[in-house]
Structures are given as C-alpha cells and as structure tokens.
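Next come the structures, one after another.
Each of the two complexes below includes chain A, the first together with chain B, the second together with chain C.
Presenting the complex of A and B:
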C-alpha cells in the first residue's frame, strides 16, 4: 500500500512540476501577474509530494519490503538500519529520486529566501526549476520507477552493492547531488536573465550566493568520493581520472570559473554574456555527468546498471535544457555585450585569465573523458584514456591558476598598481622561497615538486597577506564574510596543492609476501604481520589481518586490514587499514592469500595525503562562509522594502 | 562576426548531442584493420617479468596465438581480465600480453592482484610497438595464426558474449586450419 501511495505522490509531483513550469513562465511572457504568483504555491506542492514519495520508498527499505523490486535488488534482511536508509539512493532509481528531492530542497530555499526578487525574475527562476523537476520526475516515472512491484516477492533480497556499504558513501551522493542540482539555480537565474533581457549588478548579487553554495556542496561531494575511493578500493590512490570522477570534476571547474566571473559581473558589469554561458555550462556538465553515469556509454569502475532507453531519455533532457538555453543565448545575449576597456593588469584582467585556464582545463578533462565515446560513436570499440593523458595535460593548466591566486588581493579592480603589488607581494614571495628551499634541504627535491611547493606557499601567503595587514593595522576596514571565505578557500587551494605535490613526490609503496610472524622493513618502519583471523560482520564474513607497525622498536600502530566477503556474493571487498597522522598515512591493504599460508600485503606510506582533503574542505568552508555574507542578505532586505513600497503604491 | 560567437555554443552542443545519440545506438562492431592477413609487425621488447630477456614476434611462429594489449591504468582491461584468466585455464592456445605505456612496477602489482594469465608479456613502455601494431587504445586483442600473420583484431574489452560468439569460434577455426 505504502509504495503505491509513493508512486501516486510521485505522479502528482510531476503534474505540479509541469504547472510550476508552465504557469509562471507563460505569466512572464504574457505579463499576467497572477500566473506568475502561482509559482510559489505550486513549487511548495511539488516538493511536498516529492518528499512523500521519498518517504514512502524509505519506509519500504526500513521494512525491507521485497515485493518492491528496487528494495529486493538493493537490500537484504541482515542489512543494518543506517545502510537501509542510505540504500534508498544505492541504485539508479532511488538516486534519481534523491536527485529530485535535492532539487526540491533548492527550490524551497530559493523560493523562501529570494522573495525579494522582482516578481517576474522570481517567477522565471522557479519556472525553470519546475521544468527541470518535471523532466527528472518524468524520467523517474517512465524509465526507472522505484515503486515497481515484484510479485511474488522473493524470500531474500540481493543486498546493497558491497562497495556502497561504507560510511563515506552514505553522505557522498547527497552532497554531490546538492552540488550538481545546485547549479540548476544558477542555470535558472541565467535563463531568467535571458528571458527578461535584464542582467545587472543586482542579478549577479542574487546569483552569487547560490552558485557559491552549490559549489561548496560539490566540493564536499567530490572530496568524500575521493576519500572513499582511498579507503575502499585498496589501491592507495585518491584520484583515478575515472569517467565518473571526471563527470563531477568538470562542473566543479566550470563552477569555479563561474564564481569568479560573477564577481566581475557584479563589481564591474563586464563578462555578462560569458557569465551566462558559464552558468548554462555548469548545469549542462552536471546533466552530462548524469548522462555518462546513467547511460553506461562509458566504462567505469562505478559499473552502474545500464539501459539504453534511459540514456536516450537523459540525452533528450540534456538536449532540451542545454539546447533551449543556448538557443535563447544565441538570440538574446547580444544585448548583454558591453564595450568597456579591459586592462590585463587589473583584478578583472587576472580573473579573465583565471576563467581562461579553468575553462580550458575543464575542456581538457571533457576531451579525455569523451574521446573513448567519440571512438565508440565511430564504431571503433570501447577504450580507455588513462591517467597518462590527464597527468600530462592537467598540471600545466592548473599551475598558472595557483600562481594567479597569490595576486588576488594585491591587484585592484580597474587598474593594478605596480608599486602596491611590489610592496604587498614581497613577503609572500620571500616566505615561499624560504619554505621551498627548506623543504629541498630536508630532501624534498625535484623540479616539479619544488615548483609546486613554491606556488602553493605563495598562494597561501598571498591569501593571508590581506587579512593579516588589516588585523595588524587595526584598520577601520572590516573584512566581511565574503573576504574571509575567499581567504579560506585560497588557503585551502594552497594546502591542497601542497598535499598533492608531496603525495606524488614522496609516496612509496611495496607489495610484499609475508608469512604470519614475518617482519618487513619499509620506509623506516617495521611491519610485523601477525596473521589473519576469520571474523563475522552483520552481512559478511571477513579475513582480518593484523599488522603491527613500529619504528625504532617503538610501536606506532596496530592495523587491521580486512577482506570482506559479502554473503550475497560478488567480489571480495578490500578494507584498507590506515594509520592517520597530519604528516603521513601508513596504509596497509590485504591482498590475496598465496601458497604456504603467506599473504600478499600492499604497504604504502603517503606523506601529507590528509592535506589534500583538508585543503578541499577549507575550500568548501570558505565557499559556505562567503555565501552567507551580510551583503547578500542586506541587499535582499533593501529590495524587499522597495517592492513593498511599490506594492503599496500599486494598491 | 559577433553573432557567430554567440551561436557557436549551440552548434558545439548540437554536434555533441549527435555524437552521443550515435554512441547510444551504434554497436561497436568489427573494424577491418590494415594489418589483417599481414605478418605481425616486428618488435623486440624486454619481458615484463624478466627485463633482461627480450621478446620478439618470432615467439608467435608455429602455432595459433593471442596477443592482448593491456595496461594497469586501463579500466576496461579489468573488466575483461577474468575472461583471460579463464582462457589460460581452459585453452591450449597461448596468450601473450603487450603491456602498453605502463610502469613495470604498476603492471606487476596489477597482475599480482588480479592474476596473471599470460605466457609472456612484452613491456612497451614508450608505446612505439603499439603504434606499429596499430593500437587505438587499450585493451585490444590480436589473433595470430600459425604462420605468424594477424588474422583478427578485437578492439575494446571482450565480454562473455563476444568471447563465446565471435572470439572463440575464430580461434577454433584457425586451429582447424593449422591442423589441416
């Protein structure tokens, strides 16, 4: 009964979403105020029914109702409760439902917090978001209905994919989707600007916090994915340039470009058409990511169930939204073009460079990801463009970006001042050189790694310079949350680059074959393999190894890498055991048993790998901080009084 | 001029959509390679497992053999790998590996992890031999007959269906030819 209610609620939500799109947009086009005003109640109705549908599916999982096909394929009666709740988004159908739910959350946020928007803009924004909701609700209903029954019900379910039974994976998809879906807000604002033909500083100010917030979520999502892969795949890597990873990374790169170009649009009224194009592209790439992951056109370690009819549907959604928005862009964007002098040595000039590098980097990733697909489309088979391509292309494109960050606060809008720049960048440069030289003296040497350290420290010191100066001088000028957010994010970038450089430079790994009781020396540590014991989990059996790590006779850690065999079958899963410290990780994963009771063990020592995720986390925090700046809220209050006055005059 | 700049994005996306649409409908099919029925290109590469030994194309002479191009960084290779493990256990036709643009250490670790079905593996670090052999990407698989000519090439990973319906029959047919 409950699943049927969920299905019914989903149908209602789709209908309401259609109206949420049609009524306000036709209201804007035909200038009917009442139709525009319907946007808000329709949006609330749509979201409420989506929540009911989602709740119904969750209920089916909690009660492990195997007569629902989706539950039968993604749950097991022994599955622990919190995995039952997260299993809702463990498969294709449920993750689509989660996608729509997230879109609903954003819709409510936008509708609730942006009531100060001019009514026609607000109505267009909600209308476009309604169209996106409607498309994905139809996609769910027509090709991937999670409420489909399976009669007779099987006695036992097939269990959640063991790869997904990990705490990191519980929050990874929701975060990622919050990011993907969040770009639909920027997209909706861009389309609203194209429809109305108005794009001014106020528009940029409305769009900025949403974009930054979506970007922060996406950052956290990607970070969690990377962290999960590191823990779970047992290869000791943190990024694999896998198509699915790339699918989330491309919108991130374009989103980063968008955040920066929005700043120029707000402050200087430039790059308007470009900003709109970026907003469309960020969402287009989010849709593309969904297409690549869901249609199975590319081979990936994330082997999701694939179905060509779904691919066709996502492609239609992609064509409709991206094609439609770009058509509007081709017709309307000409009026956003401004003739204004741009000096390269100015903040906007540097941000232009930032945008160029970020866009080209995103394009390079897109090319590498799609190249196998092009070859496939020409009938030449499926193949893989591996890390060799990405490593070769990506670093040269991103290193200049890190260099640019250091100038962020030292170069002013309109026209930079050389003497000011010289004054302000002297200390950061000195700090960077000192640190790079010190590191080289301690043995971290090499052209690549030293350059990366130099850039990373320069970036961090440059980001810190401005807040330090303001604090030390006790100047009247107070830094707002937006500036603190930027500072934090830029420091995060430096921390991240430092982590990547040292992990790439100093990681050492070894595969050893050890009999129980044997010890191996590696990277200054002694690894004693005590043995392997059999253990039982709630829905799996495991081989649990015990490895005692010591240094100079002193115990460092006891690690228990596992190999789990889920009872419902499938490949055994590797659970690496990691001794975490800020400066290095010791990572042990259990390989295969070999003759004579020996096991293959993979040992890694990875310097500063925590810095990679800490840096990403700092970026995300910085973004969240900037999104809540007073400026954005003040603006909306001021606008509200204006509209209120206008309304009273109208009355 | 400016107009065109604004129209460019939609044109690019149009082309992309067309390619995606083809990608969804078109089945990857057999491609004729210019090397089919030609003697396998000569090479001389160090063995992956024993770098001091050299492997050459003469190794293939005298019997039907299979050459599988793979790399540890290649995701589809991991998909087809179980098929090769099964091949090594069930068939007498020797399977050779061409380890393409890969660090030997990574390649060996990959084999330790996933199993090693190969009789011998040539290590093509620079990828030059791959160019001679007309390798588009990884994985690719060549079937070489008893006289050392390339008779069949499969691009992309083999799946159980293509293995059963296409690949094995071709190899068996070649075995009969050489037996006759």
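Presenting the complex of A and C:
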C-alpha cells in the first residue's frame, strides 16, 4: 500500500512540476501577473509530493519490504537501520529519487528566500527549475521506477553492495547531488536573465550566494569521494582521474570560474554574456556527469550496469536543456555586450586570466574523458587515457592559477597600483621563499616540489595579508563574511596544493610478503606482522590482521587491517587500517594469504595527505561563509520593504 | 609604443602561449592513449613494439600461481581462443578470481609474456567492462564467458 502511495505521489509531483514550468514561463512571456504568481504554490506542491514519495521508499526500506523490487535488490533483513535509510540511494532508481528530492530542497530555498526578486524573474527561475524537476521525475517514472513490485516477494533480499556500507559513502552522494543540482539554480537564473533580457549588478548579487553554496556542496561531495576511495579501495591513492571523478570535477572547475566571473559582473558590470555561458556550462556538465554515470558507457568503478534506454533518456534531457539554453543565448546574448576598457593589470584582468585557466583545465579534462567514448562510437578501437596525461596537463595549468590567487587582494578593481602591489606582496614573497628554503634544507627538494611549496605558501600568505593588515592597523574598514570566506577558501587552496605536492613527492609504498612474527623496515618505521585472526561482524566475517608499527624501538601504533567477507555477496572487501596524524599517514592493507602461512601486505607512508582534504574542506567552508554574507541578506530585506511599499501604494 | 601596437603584442603573446599549451597538451595526450587488446589480438602480432596496453580477458581456471618467496603472481589471461601468461607483483584486487574477467595494464614481450603494472577487477560482481564483454564474444557473436555464479 505504502509503495503505491509513493508511486502515486511521484506521478502527482511530475504533473505539478510540469505546471510549475508552463504556467510561470508563459505568464512571463504573455505578461500575465497571475500566471507568474502560480509559480510559488505549484513549486511547494511539487516538492511536498516529492518528499512524500521519498518518504514512502524510505518506509519500505525501514520495514524491509522485499515485495518492492528495488528494496529486494538493495537491502537485507540483517542490514543495520543506519544503512537501511542510506540504502535508499544505494542503487540507480533511489539515487535518482534523491536527485529529485535535492532539487526540491533547492526549489523550496529559492522560493522561500527570493521573494524579493522582481516577480517575473522569480517566476522564470522557479519555472526553469520546474522544467528540470519535471524532466527528472519523468525519467524516474518512465525508465527507473523505484516502487515496482516483485511478486511473489523473495524471502530474503540481495543486500546493499558491501562497498557502500561505509559512513563516508552515506553522505558522499547527497553532498555531490546538492552540488550538481545546486548549479541548476544558477542555470535557472541565467535562463531567467536571457528570457527577460535584463542582466545587471542586482542579478549577479542574487545569483552569487546560490552559486557559491552549490559549489561548496560540490567541493564537500568530491572531497568525501576522494577520502572514501582512499579508505576503502585499498589502493592508497586519493585521486585516480577515473572518468566518473572527472565527471564531478569538470562542473567544479567551471563552477569555480563562474563564482569569480560573477564577482566581476556584480562589481564592474562586465563579462555578462560570459557569466551566463558559464552558468549554462556548469549545469550542462552536471547533466553530462549524470549521463556518463547512468548510461553505463564508462568503464569505471561507479558505472551502474544499466540498460541503454536510460542513457538515451538522459541524453534527451541534456539536449533539451543545453540546446534550448544555448539557442536562447545565441538569440539574446548580444544585448549583454558592454563596451568597456579592460586593463589586464586590474582585479578584473586577473580574474579574466583565472577564468581562462579554469576553462582550459575543464576542457583538458573533458578531452581526456570524452575522447575514448568518441573513438569507440566511431568504431575506431577501444582505448583509455592514462592518468599521466591529466597530471602532465594539469600542473602547468594550476600553477599559474595559484600564483594569481596571491594577488587577489593586492590588486584593485579598474586599475592596479604597482607601488601598492610591491608594498603588499613583499612579505608574502619573503615568507614563501623562507619556507621553501627551509623545506629544501630538511630534505624536501626537487624543482617541482619546491616550486609548488613556493606557490602554495605565497598563495596562503597573500590571502592572509589583507585581514592581518586590517586587524593590526585597527582599521575602520570591517571585513564582511564574503571577504573572510574568500580568505579562507584561498588559504584552503594553498593547504591543498601543499598537501598534493608533498604526497606526490614523499609517498613511499611497498607490497611485502610476511610470515606471522616477521618484521620489515620501511621509511624509518618497523612493521611487525603479528598475525591474522578470524572475527565476526553484524553481516560479515572478517580476517583481521595485526601489525605493530614502531620507530626507533618506540611503539607508534597497532594497526588492524581487515579483509571482510559479506555473507550475502561473495566478494571480499579490503578495509585498510590507517594511523592518522597531521604530518603523515601510515597505511596498511591486507592482501591475500600465500604459501607457508605468509600474507601479502601493502604498506604506505604518506606525508601531509590529510592536508589535501583539509584544504578542500577550508575551501568549502569559505564558500559557505561567503554565501551567507550580510550584503545578500540586507539586499533582500531592503528590496522586500520596497516591494511592500509599492504594493501598499497600489492598494 | 602606441596602444594599437601594445594590443597587437598582447594578442601575439596570447596566441603563442595558447599554441604552446595546446601543443604540449596534445603531445601528452597522444603519448598517454592506452589501447585495449584481447589475448588473440596480441598473439596475432597486432601490437606496436613496446606499447603499453590494456589487456582484457578471463583468468584461466587453475592458472594462478603465487611465488613461494616474494609477491610475484602469475596467471593466464584468456579470451575465446587463446591465452597469454601474465606476471604481476603485489596485491591483487578483491574481485580477482579464477574465471573472473579482468583488465591488466602493462607491456607484452614475446619471450616473457605480459608483465602487468596494474590489475583491475571491477567492484561489482555482475559488472563487466563493455570493452571486455565485447572482446569475449566468439566469431558467431555468442559470448564464451563463464556464467557468473549467483
């Protein structure tokens, strides 16, 4: 009964979403105020029914109702409650429903917080979001209905993929989806601007917090994915240039470019058409990512084994939104042209460079990700692009970016001032050189790593310079949250680059064969392999190894890497054991038993790897801080009073 | 310098810079393309010498042998017709098993067989890389893959 209710709610939501798109947009085109006003109640109705549908599926999981096919394939009666709730998005159908739910969350936020927008813009934004919701609700209903029954119900389910039974993976997809889907808000704003033909500083100010927030979620999502792969896959790496990783990284790069170009659009009224194009591209790449993952065209860890009809459907959605938006762009973008002198030595000039580098980086990733698919489609052979390509292309593109960040607060809008720049960058440069030289003296040497350290420290010191100056001088100028957010995010970038540089430079890895009781020396540590014992978990059995790590005779850690065998699925899972510290990780994973009671173990020592995720987290926090700046809230309050007054005058 | 000359200089610098970047990227791209081969294609001598390739097939039943002293493992990778000996050192992925489809990345040599730097087995038991599935069909187009035991 409950699953049928869920199914019915989903159908209603799709219907309401269609109206949420058609009514306001035709209202805007035909200038019917009442039709425009329908956007808000329709959006709320659509989201309420989506929530009901999602709740119904969750209910089926909690009560492990195996007569629902999706539950039977993704749950097991022994599955802990925690994982039953997260198993809802453990497969294709449910994760689509989660996608739609997230879109609903954004819709509610936009509907609730953007009442200050001029009605036609607000209505167009909700209308476009309604169209996106409608497309994905139809996709769910027509190709991947999660409420499909399985009669007769099997006595036991097939269990959730063991790989997904990990806390990191519970929050990874929702975060990633919040980011992907969040770019639909920027997309909706861009399309609304194209429809109305109005694009001014106020528009940029409305769009900025949404974009920054979506970007922050995406950052956290990618970071969690990387952290999970490190913990769970047992390969000890944090990024593999896997096509699906790339699929999430491309919208991130373009989203980063968008955040920066929006700043120029707001402050200087330039880059308007470019900003709109970036907003369209960020969403297009999010859709492309969805297509790549859903269609099964990719050879990847993430590839869901799915039927091609789904791929075709996503491709149609992609064609409709991206094609439609680009057509609109071609017709209207000329209106946004501004004739204004741009000096390269100015903040907008540097931000232009930032945008060039980020877009080129995104294109390079796109080339490496799509080329194999293209060649395959042409029937020219099967190939893949190796990680060395991405490494080779990426370093030269990101180094100048990091260099630019250091100038962020020292170069003013309109026209930079050389003497001011010289004054302000002296200390950061000095700090960077001192740190790089010190690190070199302590043995971290090499052209690449020293250059990266130099740039990372320059970027952090440059970001810190402005707030320090303001605090020390007790200046009257107060820094707003937007500025603090920017500072934090830029420091985060420096921390991240430092982490990447040292992990690449100083990681040591070795696969060894050890009999119980044997010790091996490695990277200054002694690893004593005590042995392996059998243990029992809630829904799996495990081989648990014990490795005692010591340095100069002093115990450092006792590590227990596991090999788990889930009772439902035959495939074993490697659980690495990691001794975490801010300066280095010691990572041990258990391989397989070999002759003579020996085991194969993989040992890693990775310096500063925590800095990679800490840096990314700082970036996300910075973004969240910036998105909640008073400026954006004040503006909406001020606008609201104005509207209220206007309405009372009309009355 | 007049403004016009300065602008031309800037445009010129941009073109040169972008050109270099594109050239470097394409060189990196070309040298990192890894083609997929089946054991039969490798044995038919279709490989360019020294090429780094992806070799896909089924791990032949009873062929996996661990060395008694170090971390080396050898096995035979087969398609419908032929099989190639593969050598690898280190930990094999969780889903590596006899009768399972895998992809190995490495180089082939007529004397010593295929030496793998990396062995990939997918993380879903029911999942098969499309390229591998394709290469595991015989000439009639029927799959010669052992049926997954569910």
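Before moving on, here are some points about what is shown:
In this section, the second predicted complex is superposed on the first by the 648 of 651 C-alpha atoms of A that agree within 3 Å, B and C clash if a C-alpha of one lies under 4 Å from a C-alpha of the other, contacts with A are read in each partner's own complex, and residues count from 1 in each chain.
Rule of thumb we're sticking to: a contact is a pair of C-beta atoms (placed from the backbone, for glycine too) under 8 Å apart; a residue touches a chain by one contact, two chains touch by 3 or more.
The model shown is predicted, which means the values in this text are computed figures rather than measured ones.
When both complexes are overlaid on chain A, the residue A:511 reaches chain B and chain C alike. By the touch criterion defined above, A:322 lies against chain B but remains apart from chain C after alignment on the C-alpha atoms of chain A. Within the superposed three-chain model, A:388 lies in touch with chain B and with chain C [touch as defined at top]. In the superposed model, A:291 makes contact with chain B only, not with chain C. Of the two partner chains, chain C is the only one touched by A:596; chain B is not. Once chain A of one complex is fitted onto chain A of the other, the partner contacts of A:5 are absent, as it touches neither chain B nor chain C. In the superposed model, A:150 lies in contact with neither chain B nor chain C. When the two structures are aligned on the shared chain, A:48 is found in touch with neither chain B nor chain C. When the two structures are aligned on the shared chain, A:37 is found in touch with neither chain B nor chain C.
Applying the stated touch rule to the two superposed structures, the overlap between the chain B and chain C interfaces on chain A comprises residues 297, 299, 301, 303, 376, 381-388, 511, 591-592, 600, 602. Chain A meets chain B in the complex at residues 242, 273, 277, 280-281, 284, 291, 295, 297, 299-301, 303, 308, 311-312, 315, 318-319, 322-323, 326-327, 329-330, 333-334, 337, 370, 372-377, 379-388, 509, 511, 591-592, 600, 602. Remark: chain B residues 2-3, 6-7, 9-10, 13-14, 16-17, 19-29, 31, 71, 73-79, 101, 108-109, 112-113, 136-140, 154-157 touch chain A in the complex.
Remark: chain C residues 10, 21, 24-25, 28-29, 31-36, 52, 54, 66, 68-71, 89-92, 94-95, 122-131, 134, 149 touch chain A in the complex. Looking at the complex, you find that chain A touches chain C at residues 161, 163, 234, 296-297, 299, 301, 303, 305, 344, 360, 364, 367-368, 371, 376, 381-389, 392-393, 396-397, 511-513, 569-574, 589, 591-592, 594-596, 600-602.
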